[in-house]
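Presented sequentially are two complexes of chain A, the first with chain B as partner and the second with chain C.
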Partner chain A sequence: MADMLIVEIQVLFFAKARELCGQKESHLLIPSTVSYNDLVDQIVKTFSLESIQHNLILAINEEYATTGSIVQLKEGDKVAVIPPLSGGI
Partner chain B sequence: MLAMMLQPLQALQQIAIRCIRLCCHVVERYICVFIIVMDVVDLLKDEILNLRKKLMEKEAVLRQHQTQMYEKAEEKGLYKKLTNVEIDRYSRQIIMPEIGMKGQQALKNSSVLVVGAGGLGCPSALYLTGAGVGHIGIVDYDKVKLNNLHRQLLHPETSTGQPKVLSAFNSLKRLNSFVHITPYDMQLDSTNALDAIRDYDVVVDATDNVATRYLLNDACVLTDRPLVSGSALQLEGQLTVYNYNNGPCYRCLFPVPPPPETVTNCGDGGVLGAVPGVIGVLQALETLKILLGHQGVVTKKLLLFDASDCSFRNVRLRDRNPSCAICGNEPSITALVDYEQFCGSKANDKHNSIHLLDNVDRISTGTYHDVRSEPHILIDVRSPLEFEICHLPGSLNVPLKDLASEQLVQPLKEVITKKGSSDKDFPVFVVCRRGNDSQKGVLALRETLSGLNVSVKDIIGGLHSWAKDIDPSFPVY
Partner chain C sequence: MNFVKILNSKLSVEEISNLVSSPSCGAISLFVGTTRDNFENKQVVQLEYEAYEPMAEKTMRKVCEDIRRKWKVEHIAIYHRLGIVPVMEASVVIAVSSPHRAEALQAVQYAIDTIKSLTPIWKKEVYASEQAEWKENKECAWKTGKILLDKIKLESSEEVRVPDVQEPYPVPTEVPPHFIQIKAGCKEIACRISSFIKRKREQVNLGNIQDFCYHGNATASDSSCARIDALLIRRKDSKSHLRVRRVLNPWGPQTRGIDPGSMGCTNPQDPVKTLFKMNVNEKSPNKPDISVGMAGPVGIEERLSNAECHLKLHGPVPKDIYSRLKQIEDRILHLEGLSPEYFQFWENAPFEEESEVKYRQTRKRTYSTAELENKLCDLEYKLSVKGK
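Moving on, here comes the complex of A and B:
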């Protein structure tokens, strides 16, 4: 039942993700063992990031999270949502 | 008796008339002085402009002579060695163990292509030129605009309207005549990118649009060049080096381009000048480290800069993706493609007009000007911040995103009900900055105002057209 443990993670938003959800960071309750895809889905759904869901990378505690992997999360882990900053200058 | 009473009044009247005459005289004199001062200002401006022209001509002649001198030295095989003047000039970095004579010589014999002479390209090229990189190419198709100047600091006021690469060339040459600068006044695309990049050791991505980012990525993979990528918007910046030391390329991280409507440009999102300044200088720094063969280049890492709290975060990235479409083990892309088609957006950050409405649902600024005195409502759908910059008198500010909300549109409905009559559709006009959001506004209002007797139309070309065609004193941003 260890994988049913629910943890609270900190979600950090950058670039367009920050603009879309209107905040720099927030919190999310999520199972401690979760697939990369489910983690993205959950974040996208909770923070209304549907328009950029295929154009972002996730970094867990400043480490790149690989697509298709199984992710282990602890209470207080920081998950950064990073779309490319492509326009601008 | 009456005459006696009127006497002081007449005296007062006389004094008042004298005062008014005196005031008129002062105003007249003030206007005269103002006109004289204006004439002097205009004369000085003209004189300075002419002097600048002469100065630039002299500098061009000097450069020609210097180039000839360098070419002669190069023919003799002396070019690769540092001259005494160069040793003195770069001594403050030569003296560092990380650089030394070898490093400075390596920089002199290196070449960098900076793509974009804007907010990132300017600071980047500035520091590469200062450091003594032998050959710097700089690409841009655009001309200098007044609203570029707060962040694109290679361009002086007098360059407004000139090609950016020409302005950058002049500024860089003035800074360091030892560096060979090649300006490319052109749009980089699939037909010319590989040839341009092959002449250089490192490429700096200082561009402002997604299509050119994918183009540069693919071109650098195909020519095996490191790509020093930077971006900045509002108060945020990103920096990483692609295609270097088994690190990822842009496609390894972002195989799918973002939907065009999710990409914000500086014209719409804004940018604080010092933010691209920070990222551009860091791009120059990483480029120098690559040229010098230093460790610690920001590859397989992404630097996230947040100016709001001055935080720098380094996120570890993946290695090269073996199944990447361009840099993978079995690439499916082996030549440059059409990047505007791939991204569904133009390879620039310019505004594109959309056409959501039929012509009958739109009016020109001229027609609106004619009906402005008749009863109507004008809704300005820009953000409150933009509304604060300028707006037409009497317009109501309801931002586009609020138009779908029943609650936020309720006060508007009440105004229409109060002003309108039952036998005729009450005119509602929608305006925005350039005429795209106003069309979206009309579509949204048709939903939220359904059931009311209204005719909703948008103003073609928005406030930009108003300033251009009706009121030249209206601010443009």
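Moving on, here comes the complex of A and C:
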């Protein structure tokens, strides 16, 4: 595990997530290969999003991530925390 | 063209509608989502929208592509407003133009459903009495993807009401899974229904084109008008384009050359017999029945064949007695029409045939079939009495 690459990703917050952590975006150091669930856990813990932990999804570089998958990240990737959507009307 | 925009200013429905208008289009379908001043009896003071803009725009563009894959449309405009939206103003406007209305209507429906379920846009409602809250769309794709039961609840996806998500999935959770027969998502069901409708419409359309606008080898064009293009292609046995099925009933009186209405026939099983009986009875009710078969009563066969021979009617004779008489009559009429002098010639000459001789004086009278029948019967009766 020593040679595991650590990358810095950009984390974006919206709606309730933004209000909870009090910022629009932040940065996070994370292993480049990480499971989706670990990534969520890491973000929730770092940015104190526990109250919506089970009610969010991540979008990686503007694409919805698949829950339970293994995620490959590179330096500067954008990970957005997406609470339940309410666009439209 | 696709017009996708996320704006912080008021949306102009008219401008957006103008964007998609096109001379080649017969339909513009417009959806305007407006904000309401209440939610569950709570007074809504203000609404605020927020978006992950680059991703939202990307998603909306993807919706446009999906629409183009599914339907033949001309222009698509999807405008979403962000920031504070006063009550009654438009938060989203979708406009689609297409040559025919069905596509535009379906595309707009699809667009708003998909936008609600996939586009990363959030709405916050600020209430007069309570704390503001972030809404959640019932359609939100990844939420529904997590919970199957929730998916099934969603069948009325066209419902415009913003759902209440605060209630944590109430009654339906108690439904045992084996009672649930439809497990496809609401989108899948909606898609199947719409493609079924589409297929049926195409079928009907094609049928109409074939019935009314089929010009031989000419290929069907998009712009056709039934009123102008309609050609009457008669189907077999029919006076119109409608198919007619005829049943040949060999037992019915009409197929046996007898019209029961005009002949006063009451017994379709054996019209000849009935007829004879009736005619005879009319004249003298007490006289006995003449027994007749389809071959004709005694003597008639001979007379008929004589007449046929005389008129040079060779070839097969119809079994039915009335058909034979008709044939004779037709022949006479034919000959008469051919050369009127033929009959004048015969007028003075004695006839070999008994019946003809008898009626020679009244030759120029025109007899109806019934009259002829009566006379024949009369004669026949006399003959049979003589025979006894």
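Definition applied: the second predicted complex is superposed on the first by the 81 of 89 C-alpha atoms of A that agree within 3 Å, B and C clash if a C-alpha of one lies under 4 Å from a C-alpha of the other, contacts with A are read in each partner's own complex, and residues count from 1 in each chain.
The definition used in the following text is that contacts are C-beta pairs under 8 Å (C-beta built on N, C-alpha and C of every residue); 3 or more make two chains touch, one makes a residue touch a chain.
Remember, it's a predicted structure, so these values are computed and weren't measured experimentally.
Asks: Report for A:82: first if it touches chain B alone, second if chain C alone, otherwise both or neither.
Replies: both
Asks: Using the superposition on chain A described above, determine whether A:51 touches chain B (first), chain C (second), both, or neither.
Replies: First partner only, chain B.
Asks: If I apply the document's touch criterion, which positions on chain A are contacted by chain B in one structure and by chain C in the other?
Replies: Dual-contact residues (chain A): 14-16, 18, 55, 57, 59, 62-64, 80, 82-89.
Asks: Of all residues in chain A, which touch chain B in the complex?
Replies: Per the touch definition, chain A meets chain B at residues 14-16, 18-19, 51-52, 54-55, 57, 59, 62-64, 66, 80, 82-89.
Asks: Can you list the chain B residues touching chain A in their complex?
Replies: Contacts found on chain B: 116, 118-121, 151, 206-210, 213, 231-234, 236-238, 250, 253-254, 256-259, 261-266, 269, 271, 276, 302, 304, 306, 313-318, 349.
Asks: Name, in rising order, each residue of chain C that touches chain A in their complex.
Replies: 33-35, 49-52, 54-56, 58, 80, 91-92, 112, 115-124, 134-137, 140-143, 146, 160, 162, 165
Asks: Using the touch definition from the top, list the residues of chain A that touch chain C in their complex.
Replies: 12, 14-16, 18, 55, 57, 59, 62-64, 67, 80, 82-89
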